[in-house]
Amino acid sequence: MTQERNITRIDAFTYREILSRDPIILIPVGSIEQHGPHMPLGVDTLLSTTMAELTAESIGAYVGPTVSTGYKSQQRSGGGNHIIGSFGFDAETVIGVCRTLVRELWRHGARRIVFINGHYENYQFIYEGVDLALRDLAGRQDPPRVMMVSYWDFVTDEVIAELYPDGFPGWDVEHGGVMETSLMLRHFPDLVRMDRVMDLPAAELPAYDLLPVDASLTPESGCLSSAQASTEAKGRILTDSVVEEMGRAILERF
Amino acid sequence: MTQERNITRIDAFTYREILSRDPIILIPVGSIEQHGPHMPLGVDTLLSTTMAELTAESIGAYVGPTVSTGYKSQQRSGGGNHIIGSFGFDAETVIGVCRTLVRELWRHGARRIVFINGHYENYQFIYEGVDLALRDLAGRQDPPRVMMVSYWDFVTDEVIAELYPDGFPGWDVEHGGVMETSLMLRHFPDLVRMDRVMDLPAAELPAYDLLPVDASLTPESGCLSSAQASTEAKGRILTDSVVEEMGRAILERF
Amino acid sequence: MTQERNITRIDAFTYREILSRDPIILIPVGSIEQHGPHMPLGVDTLLSTTMAELTAESIGAYVGPTVSTGYKSQQRSGGGNHIIGSFGFDAETVIGVCRTLVRELWRHGARRIVFINGHYENYQFIYEGVDLALRDLAGRQDPPRVMMVSYWDFVTDEVIAELYPDGFPGWDVEHGGVMETSLMLRHFPDLVRMDRVMDLPAAELPAYDLLPVDASLTPESGCLSSAQASTEAKGRILTDSVVEEMGRAILERF
Amino acid sequence: MTQERNITRIDAFTYREILSRDPIILIPVGSIEQHGPHMPLGVDTLLSTTMAELTAESIGAYVGPTVSTGYKSQQRSGGGNHIIGSFGFDAETVIGVCRTLVRELWRHGARRIVFINGHYENYQFIYEGVDLALRDLAGRQDPPRVMMVSYWDFVTDEVIAELYPDGFPGWDVEHGGVMETSLMLRHFPDLVRMDRVMDLPAAELPAYDLLPVDASLTPESGCLSSAQASTEAKGRILTDSVVEEMGRAILERF
Amino acid sequence: MTQERNITRIDAFTYREILSRDPIILIPVGSIEQHGPHMPLGVDTLLSTTMAELTAESIGAYVGPTVSTGYKSQQRSGGGNHIIGSFGFDAETVIGVCRTLVRELWRHGARRIVFINGHYENYQFIYEGVDLALRDLAGRQDPPRVMMVSYWDFVTDEVIAELYPDGFPGWDVEHGGVMETSLMLRHFPDLVRMDRVMDLPAAELPAYDLLPVDASLTPESGCLSSAQASTEAKGRILTDSVVEEMGRAILERF
Amino acid sequence: MTQERNITRIDAFTYREILSRDPIILIPVGSIEQHGPHMPLGVDTLLSTTMAELTAESIGAYVGPTVSTGYKSQQRSGGGNHIIGSFGFDAETVIGVCRTLVRELWRHGARRIVFINGHYENYQFIYEGVDLALRDLAGRQDPPRVMMVSYWDFVTDEVIAELYPDGFPGWDVEHGGVMETSLMLRHFPDLVRMDRVMDLPAAELPAYDLLPVDASLTPESGCLSSAQASTEAKGRILTDSVVEEMGRAILERF
């Protein structure tokens, strides 16, 4: 990256100059969650931050503090929070973190904010945090506009068709699968151990959740589909698709 | 209904007899939300309760208090909470209500509880309420098992293919559309005014949320797809599919 | 009822027309609570809603969503929350529900709101919910005025003297007694089983609460006084008194 | 007082000895609230503490920390929280303080706790605090039993007849009236200014609350009935009645 | 004291006159906490109130309600909350009490408020309560300015040198030591028992906290340093220093 | 680092093996806060994580997820939260994050946890989070022991004397000063711009806090003392001192 885009690595004086130019601020939202035997606990935090940084570079935006206090892993999208290695934060905490970020960025002068989600279960709690922050700011001068996205929603149908020739199982069961693993191979190859991938059939999960979780429904790997077909090249294609489409959507809206 | 299945219409002495037989208790979760010009604000509450009652009758279960304090309508699944007529409760309240229901039913002796959701936006907050209740009950004797479902997830692919010959748009944009309207025609015909249906194209919503909402993205009707093709017969087919499949899933699990 | 007065059975377009005429909105607040062997758990919810609907019809008001998440039954007014069949919600939840209703009705345009309580224990928590909502709306345009009543406070002394010739024991020990049972006989006769009334002496409760409850102080019936003398005619008299006096008070104030 | 009964004036070593003998601990609960032109803001705190101390002396109990964070003054029992001089704490705070006191006293070894309320509006929030504390302690060893009283509920009918020969208006409108003023004359004569009493007719308050308050309904004095007839002698009679009856009730129960 | 300065002993009419003159209001913040075998549990509450009253007299200010719901005693500043006799309130409660006091005093018309802390562990929670209150009042007319102090921070270096000739151990380990005991001897001699002082070496506490506490690290007395050298004369010197310096700081700022 | 010690870069299978050996887990706690014109917003997060990682390597421990949701910057230790660039999270959120981490690590099997604070204002809120987590786990099997430290408390007096030959101003005013800057030069030299250091006199801050902050009391740089004398060599000395002493303290205790 030729120019630093992540404000946590920028000093406050420069940050104030940036703020004076009405920047778009992208907030990555991840988790600390098991991703099988072949990837580290920080996958969602790493990938949401990377997607945000690349998009920021592409559209001239900046990246704010990454949220790593993700909501509890659920069985049908993350294997379940009973698994050792997943850190599940309460709704109240996830909401509170996002609410503060909006309020503080507004105080700093930001008026265009985008939450870029990288952990399936977070979405509704990001939404609530943003909604409460805007309620907090009701009647205050010049409240911000806030977009909320999950980065995988910008992978185009063409890319999906190309990367999943045998049919696309859905983003929910992509947990620890081809998409996340390919992206990690592309951006953090040192943190992936393809030799440890457990090539198991995709999870067959029912149309409901059960608590306490029936642990037998999650594959032994903790991944909901196999990462075997992952490649760095697929990670590149996915990245390009997300960065281009997500950037386009942000610019169209803001 | 030959035998009363809704405990709010049953006296406490009879309720205690029922509890002594280890019943399955179904909790409907709805909302008070605009559903266009042709259906009342209570649609989600009415339908989730009806689906629960019919399923209860079918499998010998009972229906607990209906939750009507639904989460905020979101634009991509309910038109948006800016619309007058939708009552959006905070995450904290939805979570608190569900959490209490689990705890109180457990105190009463119930050990098998199913939340039957009828308002798309509720799901994650039901989940959190259940999770917190189970944490509250950790270490207590004989904690309950809890299922969480959204009733439309039990409409079979066959029924979908039959009812949506031109392609199925997804349950999220079904808000105020053919499914809900047909079900209302089947169960509450007096509350539907087909002559007031606004036959507008389905909403074309982006892959993100925006707050404050861009109100222009929601069709003028407040419905995300047209209800024009709704019929009482479709409502019957949908009901049969849901009651059979949802009942089967509950019995298999419990 | 010749014209629908309950907004949960009214569509959003009609609701908006109603709102444009500055209506008075009545919010029933009940509970799910044991009411002895002869009446169902939903008594407080049913009666508060009916009282609200009849009063609405009488004075041209409308009825909003019924709150059924009532506060915990207390021994001296409801037998106690240890009894199986009573669902006791925490103060925080009751407060949150009422707070949201005021805030959402204000957003919709309502400026005159009345909470009509039908569960003795709720009152202080309704009050707090309203107070917090008005704090939320401080500085916002045109905040609402809110009345809070318990419907039995409008039974006139004449009616009390007529209906309780042997002396009136007080509304608190009326739980499951003559007033509630007569009202149920008047409005929901199918849900009352007079043959199951347990004709026990009125509870003699001390001048204090005790937690954990001394269960022996609550009559075996769960009712604090006998319902034996209940009749549909008394229910009619009580209804007329409440509807007339409560309606008069609302109109005088608003 | 010959022996110190208030633990805030006792050292921790002596306190531990007391605790080892399974004492009854009385917790006064007051407020900081306007009480007209003739009495100070601290009346409820002073009187609840004095009643607790005298009762403790009478029955060999001890007095714990006084709660002065009272709930909001309400118009029908305290004139209303709009009046300058009343400090109204949120339900959450009153609940939290009482909840902690039960939990901490239990940790110290206390198993018999009595809350002695001296501010009408507090009662339901004390109750909730106690209920939540007992839930916190569920499953822990030897949880406490807790009584909750308002001290005026122990004034006997005979005393009421003697002191209010023209008829008793009810404890709610006694705010700043004959009972509280007589008790203050008895116990804190230096803090009463009988020459400043405003001898106004008793407030005529409606059967409902209104928020925002209609300030015109509260007498100019802030008192709901006149204190003109107050005497130190009446304070003595009231004190004797309360201490004897309240003490008896506590001993009977504990 | 020639003129009453504590508003809890002042009537509401006089209080309103005071408020009309833009007074400085001092809020004492204490705790109920063990202070060894020679002093009562209420030390922090008594001393913070006395310091506030004397300072108020000195600078013409007034004293508001004393906060006695102190935060949990911590081992390195108060011996630890495991000790029987200490009442530790949760952060949430301490914050809520302080937040309300600011909000209510502002509603009454106060614009200059000072929190005078007398319990080491409270400080950060007072700060948060004030910060949240100011957020609550954002956009409201004429919000207050609030100072926060711990009274011992105004003891001058000269006084420290004089009173601690062998070296000053720091205010944190002064818990139950020479400063607090001397101040109690000066202002509440009846509540001090010098014959019960345990003359133990000062606690040697590590540079960290441990939970659960290692009880062996707190001296048997519960005091972190010996009170043996305490005298009424030292209490007088300390008082004079605090009242003068704290008063000066308040006047300079306000 | 020869072996990965940060669990966010370790896969879940390896993590489970680590957990089975009863590891010590170190949790860094930082902030996103202005640190003058010469250092980035993430200083506290970067340094607490680095100190934790080096200590982990030294004593064979592991590092858990870094907390970056730091409490509000206060003027006397961080310049004040009014400064653009500082993100101040509410007490509730900081507490909630730490509470969850303890609970989740316990669920994973960790029994020895150390919070390593790198942002002065956090400490009391970490403490509360840990205390509440241990309350949550009361009665559960094998609850954890938790240490809480601020890393600078392990710099020895010898090192202080060596590095601050003109006298040590205290860790609170070290914000953005010689210690933090030297440590950044040692570990993140690319993120420091010594040419941008503003060589201003140390802040002279009063013995109290004021809200709203008097912005004129914070030096223009946002730093409380000058970083001019910072060197990479000092950073090395400081690091060695902290890692050795902190490691020793942890091992002695655990």
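Note that the chains take the letters A, B, C, D, E and F in the order they are written out, and that residue 1 is the start of every chain.
Quick note on the criterion: a residue touches a chain if its C-beta (ideal position, glycine included) is under 8 Å from a C-beta of that chain, and two chains touch if they have at least 3 such contacts.
Just so it is clear, the model here is predicted, and its values are computed rather than measured.
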Q. Chains in contact with chain C and with chain E: which ones?
A. A, D
Q. If we look at chain D and chain F, which chains touch each of them?
A. B, E
Q. Most remote chain relative to chain E, going by C-alpha centroids?
A. B
Q: Give, as an integer number of Å, the spacing between the C-alpha centres of chain E and chain D.
A: 26
Q | Between chain C and chain A, distance of the C-alpha-averaged centres to the nearest whole Å | A | 47
Q) Which residues of chain A are in contact with two or more other chains? A) 90, 92, 139
Q) Tell me, which pairs of chains are in touch? A) A-B, A-C, A-E, A-F, B-C, B-D, B-F, C-D, C-E, D-E, D-F, E-F
Q) What does chain D use to touch chain F in their complex? A) 139-140
Q: State the interface residues of chain A toward chain F in the complex, per the touch definition above.
A: 7-16, 19, 32, 34-42, 45, 65-66, 68-69, 83-90, 92-93, 96-97, 100-101, 104, 107-109, 191, 193, 196, 222
Q | Interfacial residue positions of chain A with respect to chain B in the complex | A | 71-72, 74, 81, 90-92, 95, 121, 123-125, 127-128, 130-132, 134, 143, 145-149, 153-154, 206-212, 249, 253
**Q.** Contacting residues of chain A [partner chain C, same complex]
**A.** 135, 138-139
